[in-house]
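Next come two complexes built around chain A: one with chain B, the other with chain C.
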Partner chain A sequence: MNFGAQGLTVRFGRRLALSDVDLELPPGEVRVVVGGDGAGKTTLLEVLAGARTASAGEVRRPSAERIGYLPATSGVYPDLSVAENLAFRAAAYRMPRAVFAERRAALLGAGGLLGHEGRLGGELSGGMRQKLGVICAMLAQPDLLVLDEPTTGVDPASRRDLWRLIAHAAADGAAVVVATTYLDEAERAVELVLLEAGRVLAHGAPEAVRGAMPGLLLDGGAAPPAAELERAWRRGARWRLWRPGAAKVELEGWREVAPDLEDAVTVALLARETAEGVAQ
Partner chain B sequence: MTQVLSSCKDLGRRFGDLVAVDGVSLEVRAGEVVGLLGANGAGKTTLIRMLLGLLPPSSGEVLLFGAPPSRAGRRRIGYLPQGLGLYDDLTAAENLRFARAVYQARRPAAAPAGASAGPVGSLPLGLQRRVAFAQVLQHEPQLLLLDEPTSGVDPLQRARLWQAVRGAAEAGAGALITTHHMEEAESCDRLIVLARGRVVAEGSLADILGGRLALVVEVEDWPRALALLEAHGLEPALVGRALRLAEGDRREVAKALGDLPYRLRESPVTLEERFVALASAP
Partner chain C sequence: MIVKEFLQLRRDRRTLAMMIVLPLLLLVVFGYAASFDVSKIGALVVGPDAQAFGQRLRAPFSPVSVHPGEGMAAARNALRDGQADVAFVTGGTRTVALVNGADLFTARAAETAVARLAATQLNAQSLLAQIQAELPQGVSLSVVTPKPPKVEVLFNPGLKTAVVMVPGLAGVILVFVGTLIASLGVVRERQAGTLEQLAVMPLSPWDVLIGKIAPYFLVGAVDLAIVLGAGMLLFGVPMRGSWALLVLGALLFLFVTLSLGVLVSSVSQNQGQAMQLAMLTVLPQILLSGLIFPLSSMAAGVRWISYILPLTYFIQISRGVMLQGQTIGDLWRPFVFLAVLGAVVVTAATLRFARLLAPAPPGRALRAGAGEGRA
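Then we have the complex of A and B:
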């Protein structure tokens, strides 16, 4: 049976941080949890990693020593060097010396950190620190790798290295779950889960999420009629307009376009907002 | 010809032996949204500080609204730093009132709905960002300087924040947006890519991508294909269960994969792939 969660609910006092979340994490696959700040990503990953107890629902995860976890607060000790951070992790997981040496060399190489072993964790650039955090989390070849926003604030070159490390973890058979605020990273997932206010708004393969967008999407060069403005948004210099109904109503200067993932996610958020009458 | 708001010519800046900015020329005109892309250490911050007149250049020339940068010129700028530049202990309305006094804004901006209660520091990040946008736009600046303005927010919130940027541009302001997030970069009219202190590419998104294609390798046993391609010196990225090569040709793939069955297709290169290639070129 896959790792994952079913009907997961987490309450903080009266606030519902997660509500009825399902997630499957098959071995050797990367799943992405995407959402904005405050959507519930960190709470979900904490529960999956065993760092937080759910109020209700079922969680399937391996034993603690088979989980690799990078918390949002960076899993790197600032006062330890790169080498010491890794050695500490290896000791905690009781890794055999030869295995550790081999893993260490391979992962530092893949992450572009060779030659930086002596630097203190606290002195690393943001990108290098995140890479070290991911390397620490995957060092002991976990069965479940949980990474909370490894790429936030990281530049594209480091982002590429981070995703290379993530690919290696999946290639070694780990079930990987990555939280991010970036949709282009959600496109790299076998399946994604879109979280908003603790609920799953959309899930599935990126193509499926695109294909499941309800209604019609229109593209235009100028603002739509005022009555439709609340369902319109900007894409670069262009306008997009979502119509929930499937009926085609001609609007001069607008044409129907196929949604990309960003459009589909925007529509999912817009539909929720409209349905719940959230005040703007 | 539209008005040039900010420009520099052959701009350079050294710190001791380090050349942070090396012969950069650029222009931001009224009504356009320009994205300045660069990895950490590419020289973005040094360049911006010189454009504002906060750091003297080692060589070259800077003009702000057609004159050397000055305090009066800077007052016509709306600057949004990455840290948002709000006073956490003040309410949204107090922040806006303070900024209005500093910039001598004609009209006060209203605090966004839901942002009235309590100090700004206690509001959700998305709402803080809307307060910061209101503050930056309040004095109707002619030039917007935004540093990763929508990082960390969901696409709907991002679209709404961009509506404000686009509205200002359509009213005649220019915007320079520094970012290394591709979703933000793709929303700009024109992009300038900075690497090692130099402009390495410039133009529309289509210009920068130049019609380049990436190779997508569809293969059942992707872990094995990943190992084989990497052993061959290629750098594939995992996308779903397929492997993407931003650079590399079919023959190399064939050589690396040997008798492993696979299918190959082409896909337009992404801005991120192009950016990494530009930034890592010697």
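Then we have the complex of A and C:
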């Protein structure tokens, strides 16, 4: 049976942080949880990692020894060196010395941290600290790897290194779940879960989420008419406009385009907010 | 800026409560405790004239215990064992007043009281001389007035303050190392965001507690050795008892204070709160443990606090072993009380760690400042 959750609900007093969330985490696959601030990503990952109990629902996870968890903070001790942070993990997980040495070398190499073993966690750049956090979480070769926004605030080169590490963990057979606010990263996932206000707004393979976008998406070089402005957003130097209905209405200077994941997610959020939206 | 600070202070209710309630509490507690006045001096009277001498003793000698059949050795033992503050050995050419110098203020009060006793006797002698002078020639009074008692201070002959303070100060230093420094251990994890990491790692509450205590335990032990060594070299503090007994007591005490520090840390949300709370445990220990003010001088309503403070028992052990040469037979009570306090504090700390490391219930924040739980 896969790790994951079914009907997961978490209440903070009267507020629903998570409502009836289902998530399957098969071994060897990366699942991505996307959503805006306050959507429920961290709460979902805390429950999956065993750091928080749920108000209702079922969670399937391995024992603590077989879980690797990167909290929203890097989880790195700022006053321990890279080597000492790793050694502490190895001791806590009772890793045999030879296995630790081998994993340490492999992961530091994959993360581009070889040669930095003596630097203190607090002296590392944000990206390096995040990489160390992910390496720490992966060190004991967990069956379930839970990573909460590992790439937030990290430069593109470090993001590439981090995703290499994440792919490495999945290739080793771990079930991986990653929370992120970057939708381009979600494209890499076998499946993604889009959360909004604790509810699942979209769920499935990235192409399925894109394909399920209701209505039409238009691309234009200038702002749309004021009446449609609330369904428009900027993408770089250009504008996107979402029309919920399927009927094609010509608008000068605008053309229909296929949505990418960012468009599809934005539309899903708009659809939920607007009365005429065809929310899923 | 002022409004912002007020808003932040209002949200930090624990700090606000400490700022308002604590001064009042400290004033009341320490006001009743801060007294050097010794109103009672426990006296033992031995020797052939013990009965008559004992009857003449008035306040502040109380209680007075009379044992005519005992002698000098029993008097010394009683003082060593803490059964009396002063022992009068009657018989012979002159009564000897043995005073326990390990309890500085009581010893000084005893010296004064004995001197007053001697002055009363001198007054009686001079009165008799006057009466004698007024009597017709050939008539004489055949009253024998005893010589005033000769005072001998045991354990700290010069009544030196340092000799009494250093064994106690060793405890104070251990309190600082233990409670204050260890109190930062868990909040550091909380603030660095590593506590939630610990919560999902395969570590038991006991693993974390011992891990937190062990380094400070070693540092505290080194501190203790340095303080006692320096105290003996610089201030001439004697070592009349067993080193092994002192080390055992010190290690037990250190374990209790470190556990208390970790407990404080585990209930604090940030380093400021931890330090305030730690000070709340350290200050009473310094002022109410008998280090400065004698326990016997404290108001009964405050004295019970002394009996739940670990330093009270460590001071009894360190002074007892170093100055009086007491044995485990004399000191089993402070050892037992210290062990009981240790068991209570360690159990509380372990339970607290178990709660911290258990999965957080839905409404509880995992990190300080995370509000009612991040979404």
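In this section, the second predicted complex is superposed on the first by the 274 of 280 C-alpha atoms of A that agree within 3 Å, B and C clash if a C-alpha of one lies under 4 Å from a C-alpha of the other, contacts with A are read in each partner's own complex, and residues count from 1 in each chain.
We take it that contacts are C-beta pairs under 8 Å (C-beta built on N, C-alpha and C of every residue); 3 or more make two chains touch, one makes a residue touch a chain.
What you see is a predicted model; the values in this text were computed from it and never measured.
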| item | value |
| --- | --- |
| Touching partner for A:38 - first (chain B), second (chain C), both, neither | both |
| First, second, both or neither for A:65, with chain B first and chain C second | second |
| Superposed model, chain A: greater residue contact from chain B or chain C | B |
| First, second, both or neither for A:171, with chain B first and chain C second | first |
| Partner chain in contact with A:249 - chain B first, chain C second, else both or neither | neither |
| Touched partner set for A:196, first chain B, second chain C, both or neither | first |
| Touching partner for A:50 - first (chain B), second (chain C), both, neither | second |
| Partner chain in contact with A:159 - chain B first, chain C second, else both or neither | first |
| Doubly contacted chain A residues - partners chain C and chain B | 37-39 |
| Chain A - residues contacting chain C, complex | 10-13, 15, 17, 37-43, 46-47, 49-55, 63-65, 67, 69, 71-78, 89, 92-94, 198 |
| Of chain C, residues touching chain A in the complex | 192-194, 196-197, 199-203, 359-363, 366-367, 372-375 |
| Touch list for chain A against partner chain B, complex | 28-30, 35-39, 125-127, 152-153, 155-160, 163-164, 166-168, 170-172, 181-184, 187-190, 196, 205-206, 233-237, 240, 262, 265-266, 269-270, 273, 279-280 |
| In the complex with chain A, residue positions of chain B that touch it | 33, 39-40, 113-114, 124-126, 151-157, 159-160, 162-163, 166, 180-183, 186-189, 222-223, 226-227, 235-241, 270, 272, 275-276, 279-280 |
